[in-house]
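Could you have a look at this structure, given as structure tokens, before my questions?
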Amino acid sequence: MEFISIVEIIGTIAFAMSGALTAIEKDLDYYGIGIFAITTSVGGGIVRDLLIDRPLPASLENPLYALISLLSAGFVILFYAHISKLAKMLQFFDAVGLGAFTAIGAEVAVRTGLYQWFVVVTLAVLTGTGGGLIRDVFAREIPYVFRKEVYAIASILGAILYIIVFRLAGSQMALYSCFLATTLIRLYCMEKDVHLLKVGKVTME
Amino acid sequence: MEFISIVEIIGTIAFAMSGALTAIEKDLDYYGIGIFAITTSVGGGIVRDLLIDRPLPASLENPLYALISLLSAGFVILFYAHISKLAKMLQFFDAVGLGAFTAIGAEVAVRTGLYQWFVVVTLAVLTGTGGGLIRDVFAREIPYVFRKEVYAIASILGAILYIIVFRLAGSQMALYSCFLATTLIRLYCMEKDVHLLKVGKVTME
Amino acid sequence: MEFISIVEIIGTIAFAMSGALTAIEKDLDYYGIGIFAITTSVGGGIVRDLLIDRPLPASLENPLYALISLLSAGFVILFYAHISKLAKMLQFFDAVGLGAFTAIGAEVAVRTGLYQWFVVVTLAVLTGTGGGLIRDVFAREIPYVFRKEVYAIASILGAILYIIVFRLAGSQMALYSCFLATTLIRLYCMEKDVHLLKVGKVTME
């Protein structure tokens, strides 16, 4: 069993919880909660591993990811009755997962020798948003990343911060800065309801 | 044209039929039926081939898969008027496809030298459930695998049986045991309506 | 920054515009329009690059694709108020994108040494239909390719033309012939509303 970083554990737990809460919202049973927890938490990483052409996705080699996801789902099942604001909790865990997987995506890019800023940012954003996107497709929702303006933007800003901090203070600092910045930007804009102007539906008359 | 195993042919036919029936349920035309048949039957294999990093998916190299799928679609079109229980037929073919592709997924894992139990089981489950999952996403349904508790579980049990039989009696016996066990478990639980407790939607009051 | 062919630029712009118009139809904001533009335009290429096992998708290495997509989205935002027939414009750009990416898919197959007709056609169709398919899944629509009969068929005919012209007159001529033929077949059948018979929903009584 390979070592998993703390950021990866946090991201896995957060996305698993957001998946479990989505399943509860969709009125699924214990089993559905478990499956949603796993797919949401490993989805981002599988997307990343496919894109960088890894021989086998990390979550397929290492049972830790599925195990952590199932424990998180169990935790949600035990305590869901005490959760008063389901939608808000879901968004909170989603923001933490977004931050964690953005940081991991950026780190994986740099670790596999991809140093161009565009590549680092794109891999970070796809890894960060992939899990939630898969969750929302399976739950038949238009994914967050399409609806919430400061979602991918938080991820992009976090990834840029990663590159800057990486050059100044190395890999570890960059990982944590990116994780925290992405999560906080997302949470702040969620809380303050920051959003861009809507175009409005074009009427056909 | 490469040789395709009997289990693969059975799985392809079964998933193609489940795809064709889904298209009929969604009120699509002949063409939609054909496309649903193909995507459902090759979906699981493409997912598997992407995960094990195969240079080119089998169904892209070998026209047999698409050909078998189209013939199955044609068969469904000819006889759909005589099908009285569409939903039940769909679930039956889906169960057979699940069993066949679970067995193939496990076999591919072992054949590519991946012997760890977790890897074999995960690859088996993803290959087995992939086709139906893609079908349901395209048909805008919440995928079976999220709703039916003894769906992925049947696949997991089948994959575990594969590993056990593989060690005792070799690859061929393991393939057929896994195929039959997965299909029968799924059909039995479908028939008896075995399911786990539902958590129930958390109300917001 | 690598060179991108004119057909690729046309396809990227067309699919980006179809994505942007879909986002407007779905009542999303500026941000959602941008994200839909990007995912639709790079989706087909990412599918293609995953299938041929490219180390890193082209759109991830080269920022030009995202840049062109965002400019196209900006263009749509500026002029959407003047678009009187949104659904028709969407279908037009979708047809152009289908043609362009079918041609690119066929070219990539031949360039990577895959000369069998089945492989060329399949890769062409998957590349051509991939972007629109991803767009429709994210927009929660049943994808065009499942509903419009002369969609994949236009792509298949275009790919066959590519192979014939490639043998007679080389790669460049084949690329443009395939692009034009696919787009024109699709547009003609759209305009004339050519379609196959519908099976009709099987009623349960």
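Labels A, B and C are assigned to the chains in the order they are written; within every chain, residues are numbered from 1.
Keep in mind that, in the parts below, a contact is a pair of C-beta atoms (placed from the backbone, for glycine too) under 8 Å apart; a residue touches a chain by one contact, two chains touch by 3 or more.
Which chain is which protein? Per UniProt: A, B, C = Glycine transporter domain-containing protein.
A quick note: this is a predicted structure, and the numbers were derived from the prediction, not measured.
Because chain A and chain C carry the same sequence, their contact can be compared by residue number, and under half of the numbers here are used by both. Chain B maps onto chain C through a rotation of 120°, based on Cα atoms and reported in steps of 5.
Note: centroid distance chain A to chain C, computed from Cα atoms, is 28 Å.
Residues of chain A in contact with at least two other chains: 50, 53, 137, 140. Listing the residues of chain A that touch chain C in their complex gives 50-53, 114, 116, 118-119, 122-123, 126, 133, 137, 140-143, 145-149, 152-153, 195-202, 204.
If you check the complex, the residues on chain B that touch chain C are 23-33, 35-36, 46, 50, 53-57, 60-63, 66, 77, 80-81, 83-87, 137-140.
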